[in-house]
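The next part holds the structures, each set out as structure tokens.
You will see two complexes here that share subunit A, one where it goes with subunit B and one where it goes with subunit C.
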Partner chain A sequence: MKMSTESHGFSLKEWVFTTDHKRIGVLYLIGSIAAFAVAGIMAIMIRIEQSSLGPTLVADVATGGNQYNVWLYFHGAAMILGFLIPGLTGFAANYFLPLMIGAKDVAFPRVNAFSVWLFYAGIIMALLTFVVSDAPDVMWTGYPPYSVLTSGNTAFYVFTVHLLGFASILGAVNFLVTVIYMRAPGMGWNQLNMFVWSTVTAFVIQLVFVPVLAAAVTMLLFDKYLGTHFFDPSQGGDVLLYQNLFWFYSHPAVYVILLPALGILFEIIATFSKNPIFNYKAAVYGGMWGIVLIAGEVWVHHLYISGMPDWIRIGQMVSTLMISVPVGLLAISMFGTLYRGAITYATPMKYATACLFLFLIGGLTGIPLAMTVMTVHLSETSFVHAHFHYIMGIFATFAVFAAVYYWFPKMTGKMPGKKLGDLGFWFNFIGVNVTFFPLFLIGVQGMPRRYWNYEMFPQFEPIHKIAMLGALIVAVGMFLTILNWIISAIGGEKAPANPWKSVSLEWTHCPNPPGPGNFPKDVTVSADWTPYNYGR
Partner chain B sequence: MKGRMVALSIPGLLLPGVAWAAESGKIVDPVESWNHLWHEVLIDLFIMGTIFAALAIHWLIKYRATSPDQVGRGPTLSRAQAWSWAMVPAFVFMADDFFLAAKGWTVWNTYRKVPENAMEVKVTGNMWYWQFEYPNGATSTYAYDTKEGDGLMVPVGTPVVLRMTSNDVIHSFGMAEYRVKEDMMPGRITYIWFYPKEEKQSWVTCVEFCGTLHSQMYAPVKAVPPAQFDAWLKQKKSTL
Partner chain C sequence: MSHSTTEHAHHWEVSWAPLVLTAGILFLVPLTFAAWFVYQNHLYAMVFAGIGTPLLLLGVSKWVSEGLSHKPLLEGVSPKALPIFIISEVFIFLGLFSSYWAMRLSAGDHWPPAGTPAEMNLVLPLVMTVLLVSSSLTYHVAEHKLDHHDIGGFRSWLMITIVLGLLFLGCTIYEYNHLLHIGFGPSTNAYSTAFYSITGFHASHVIVGLGIFLAVLIPAMAGKTNKYFAFCAGLYWHFVDVVWFFVATQVYYW
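Entry: the complex of A and B
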């Protein structure tokens, strides 16, 4: 892949020492897709294990948990911290945000380079799970006292979170400064792309909340290795403190994933409908900033069954239900952008359309989970598992895939293969629904999460077989998709300058792929310019 | 007692379910309340989902481009329209939120208010089994590997309250059949109650990840006729 017009041929040194936001974006993409692939293999192993009642892949009943719990740990930690967050705020934000605001690079390019290599260190730290004999088995949540008492190596979990968290904080500072100070002359706040706004709001959340997570896991490290007792009630510690700190970050973290994913979809839906964003200001100031405002006041819904006082369980039921207001405004804006559009269906738009439905299913199933008393039965079952896979796992993954397809001509100068792309899409879309929709049904009937052994509920076995079939369909789809990117990047048809006929700066003002400095001529925008002005 | 009735009647003005229960002295079964609310929530979700999905499908088909250079004719909103499209939906969503919150709160109260005649069983979580202790001191447990032990035995027709704690890590006591679940933690005591109305065997599973044998941490919950329960309890007591 030739990424920059300055280089002639591939030079490893240029890539390692690069400070170019576009190359850093590509490095983020490669690293996060690698994490995605390994975590995806774990997902398939989990599905195969659950497809029959007794031990399927694991050795036996007594030790099976040791293997299975490591798969669960790696799948969760790598998908969220190694794929979704870096894929959206690392890859997509790095490559496209400066282009969208008409900037030559980010504000601190060397800090940016530092953060991508921190990210790689984090990925390697996570992958060490498969090398060490005492792999971490604490789920991606790492709740004490288990994470302190386990013979598994909780330190790997803690250091993975530290490295990826630090990379993210640096990114947050960098991109907030970039958007505040480096917009093209004339570009006002109401002329920003939705993706720029979504990245800004996501990074505000990261900047405020990541330090809390870092503190929580550091206390865990101290408890396990230095003999402190932050979370040990027998020594005056608080057994629930960790969960409060963890979810104080990790609930907002789902918005760090949701917001940029929505931002990408807004770009794609506007471009392929050739329409302005429906009620832009309501979506930005009510929707995105509304989510930022509410993000830090709802974490207790992860602790509805943790023995929190009743008054806070009821209070946070109300604040959690209130999320439907900003999310509803974003949904109205997104669906409304289709209204009276001129819609075409290239591969990225297929993914975006699928996302609308994943968003509906995932979002609406969140409503009973916001209600304390409903959660008393539903929490820790497959219902929750299916809910967050729809809204966070699949929805955001489809958004990343949509982004790669949409900006593929920008990054490579080649068109992505349509036939293979569409085929991969249908495998993915059908596969995820076959996998996860049935899990809602057995979840309501009480299938517990994180169980490889469910011999007490033999009636759920057929559903698990269907779910495994779905996972295998997804695996084919993912393989076709990634194969398509590689084939198209090497031998794809040359892309026209603006293949989707967008009016956003990254398409109208810089070549495919952009060279150093991005724009051949300095960009200025007029007062009536918007990235969605299709000139009616 | 009188003061307590007065205190109960204050939230009771807002929460008819509780007031009714307090007046009649009848036990409200949380399972029925949960199932009823679940049904209502599903209808609510179905209506919202159908509106959005139907509109989206309709527009996705209707507004396909007819020529490659066509641009959209999406509306430009006036200031009043833009505010309306923000405020009206916001209030509709908020109204639905408060409606669901009120319903949820009502059922929540039945979950937290233990009937007065409830039998208390102490439950202790260990890696990876439960120990049940009855008022007369008798204990019961269950081993996943030998399948020996009675697990949680309860008499039909008596509400049961579980006082729960843990000896090691966090476990969670989940009985899908009775729609209840709550974590058990070292150094803290939590409670849930349930109402076994008919004879049946169901399962309690540990639903908070607790290590290697997490998915082997389950036990039967046997609701048996009161006479059989009393005999069992007496026999357990004598073998102490």
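Entry: the complex of A and C
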């Protein structure tokens, strides 16, 4: 029974028609990194545009500068729906979850392949933005009445959401069934990897909330193209209804990104500290499931300034602040795992440590935004912009990069280049802070979000120049990082079987990279086995 | 939690069904819709639909034939998965219903809005309820026949179920036709918006359910059946049936 992949050689058919979870994971990674790259170019264009007061790159000033709105749309939609969610719940969950639970594949391999191709179809719909003359210009939120009245192609936005949402729902069903029924014999619920738990909770959120987003954007589609009146108050519709439905999904979507990102960090921190997870049960049942429980009750805080009765505003403030409790449990658990650890700082651990810093900044700046007294002042300023870029954008992106570095030897059988990897890391880490920290400062002073022309606030121009500089530093870092992956995958040094000395199943029981069927021998685990048994 | 201990084939598993199905969906839904409604280019819309439909059917039929011939990693896993998928379906309907409730409850005395016919036909939904409930029962009989290895009986009762489902759709078409004729279309007012979306979305589920039944029936004609597949088809159909009670009570009789 030979398990090596070398004997096979490359076969395009075995990749395009694959139903293997590892290959599907790699397809997810390639697609999401492609979305990330294009959306990243949009981000740089946005930064360059804002680096001077008047028009810088925008060429259609006479007709309102709509190009800029298209960049904002693509950047937001592609980063969240095309990169973060598929990168975490598509790539990372696909490749590593079955390995961690000792399964040969997921429960429905063909459904899994269906998911990844639906994801690519969604990416195609998003990329059509650059082909058509009436590109979508509705941000990633698509608020009516603008999204209904615009001459832009809102339909492409809707179908992008539909396709990616359908892929997510199928993925959720598939992975939940896999974890419930396909764990290795002997593996109990308290022996699961933190990453497995984080993915399970993220998929529970996807399963319940994505359908509501699908319903909301469908109504948008009908309103714009079939003449219905869901969001048209003149005919008895309700314009705020969309915002409610949208955030009913899209706030929990933040946790769909946060949870697997935290799960990845737990894996890396445990491995590089050689410690078991501190407070495992509190982190899983209180932290992760606590987030699932509260996730569906806080969406209205996105509508603070859209208008609502005071009692709802106060209630939302309380429930929003309550999110700190489960998140706090997870943070305690993470720092507790580091405590007295034998820590080594390989590239993945550098990213993981940076994530803790980004998490702190992003988390703390969320508190004033939850407080009703502060939020009226801060809403729609670049303070919000910087806050969610710290907590969602950069934090989760760094977690995806940490995951790629951490499991690089598993996926390719090669070690990731350390020098180029670390160099890329420092460019990325310094760059993101140079870009986004200053935006907090001008946000407090009243710099509005989303403007390309802020001639009424000339005092903010120098800060925007610094932010652009930061974005260029990040661009160099990202280029070095992706270059490093390509170089290392082709010509990297051969990796030892378990380079980071982890005791989790994906490192101890299957070769690098695993062949079809994953494990040379069927896996069973004993009652005292845990994926973090470092003898401490 | 146990693995099947059968020897796992040590080659990369492949199937072209998912990719072809996805291509079919991409052409048939987003591209056709965009060509027809956004760009008003009906020729392109026809071409896209013409490409998408055969791809979709090809993908589905390949998938079904593989499902009937390949042994899954985990025996009998589909009946465990479908209820989880149905949770997500429930939430789509909840999204639609809560939108309807929000519009209706905030309208106060202005309901039903101007343009709604004074008398909606309340007999027809009763007939449709009877049709759908009996189709659930006939499918139950069909499953009973399958359990007793009576493939012929299974086929007959399945066909009766499909006919009942088609009659239900016929009622929907008749009703839509009538309402459109008297000027109550999807864009008339907030009520018509909710009415057509909710009943239409339910009807689309009836169509999908009938499609699944066909995918069970066609191989059954050749004597090929899978009890898990048949069970799932039934479970989905019962779900569609249960949703109809909410549609009927909320949209027609409230």
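Rule of thumb we're sticking to: the second predicted complex is superposed on the first by the 525 of 536 C-alpha atoms of A that agree within 3 Å, B and C clash if a C-alpha of one lies under 4 Å from a C-alpha of the other, contacts with A are read in each partner's own complex, and residues count from 1 in each chain.
Keep this in mind: a residue touches a chain if its C-beta (ideal position, glycine included) is under 8 Å from a C-beta of that chain, and two chains touch if they have at least 3 such contacts.
Bear in mind the structure is a predicted one, so any value in this text is a computation, not a measurement.
Superposition of the two complexes onto subunit A shows subunit B and subunit C fitting side by side, with no clash. After the superposition on chain A, the angle subunit B-subunit A-subunit C between C-alpha centres rounds to 100°, nearest 10.
Shared-chain residue A:Arg23: touches subunit C; no touch with subunit B.
Judged by the touch definition given at the top, the superposed model places A:Tyr534 against subunit B, while subunit C stays out of reach. Within the superposed three-chain model, A:Gly446 lies in touch with subunit B and out of touch with subunit C [touch as defined at top]. Judged by the touch definition given at the top, the superposed model places A:Thr508 against neither subunit B nor subunit C.
Once the two complexes are laid over each other on the shared chain, residue contacts for A:Asn279 go to subunit B alone; subunit C is not touched. Using the contact criterion defined above for the overlaid structures, shared-chain residue A:Thr56 touches neither subunit B nor subunit C, since it reaches no partner.
Once the two complexes are laid over each other on the shared chain, residue contacts for A:Ile367 go to subunit B alone; subunit C is not touched. In the composite built from the two structures, the nearest CA pair linking subunit B and subunit C is 12 Å apart. No residue of subunit A contacts both subunit B in one complex and subunit C in the other. Note for the complex: subunit A touches subunit C at residues 1-3, 8, 11, 13-14, 16-20, 23, 103-105, 107-111, 113-114, 117-118, 120-121, 124-125, 134, 153, 155-156, 159, 162-163, 169-170, 172-174, 176-177, 180-185, 187, 207-212, 214-216, 219, 222, 225-230, 232, 235-238, 241, 244-245, 248, 515-517, 522. On subunit C, the positions that touch subunit A within their shared complex are 1-3, 5, 8-19, 21-23, 25-26, 29-30, 33-34, 37-38, 63, 66, 72-74, 77, 80-81, 84-85, 87-92, 94-96, 99, 102-103, 106-107, 110-111, 113, 186-187, 189-194, 196-197.
Residues of subunit A touching subunit B in their complex: 61-63, 65-66, 68-69, 137, 139, 141, 143-146, 149-150, 233-234, 239-240, 273-276, 278-279, 281-282, 286, 305-307, 310, 313-314, 317-318, 321-322, 324-325, 328-329, 331-332, 335-345, 353, 356-357, 360-361, 364-365, 367-368, 370-374, 376-377, 379-381, 444-446, 448-454, 456-457, 501, 534-536. Residue ranges on subunit B touching subunit A, taken from their complex, read 34, 37-38, 41, 44-45, 48-49, 52-53, 55-56, 59-60, 63-66, 68-77, 82, 85-86, 89-90, 93-94, 96-98, 100-101, 103-105, 107-108, 111-112, 145, 168-170, 172, 174, 176-177, 179-183, 185-188, 190, 203, 205-216, 218.
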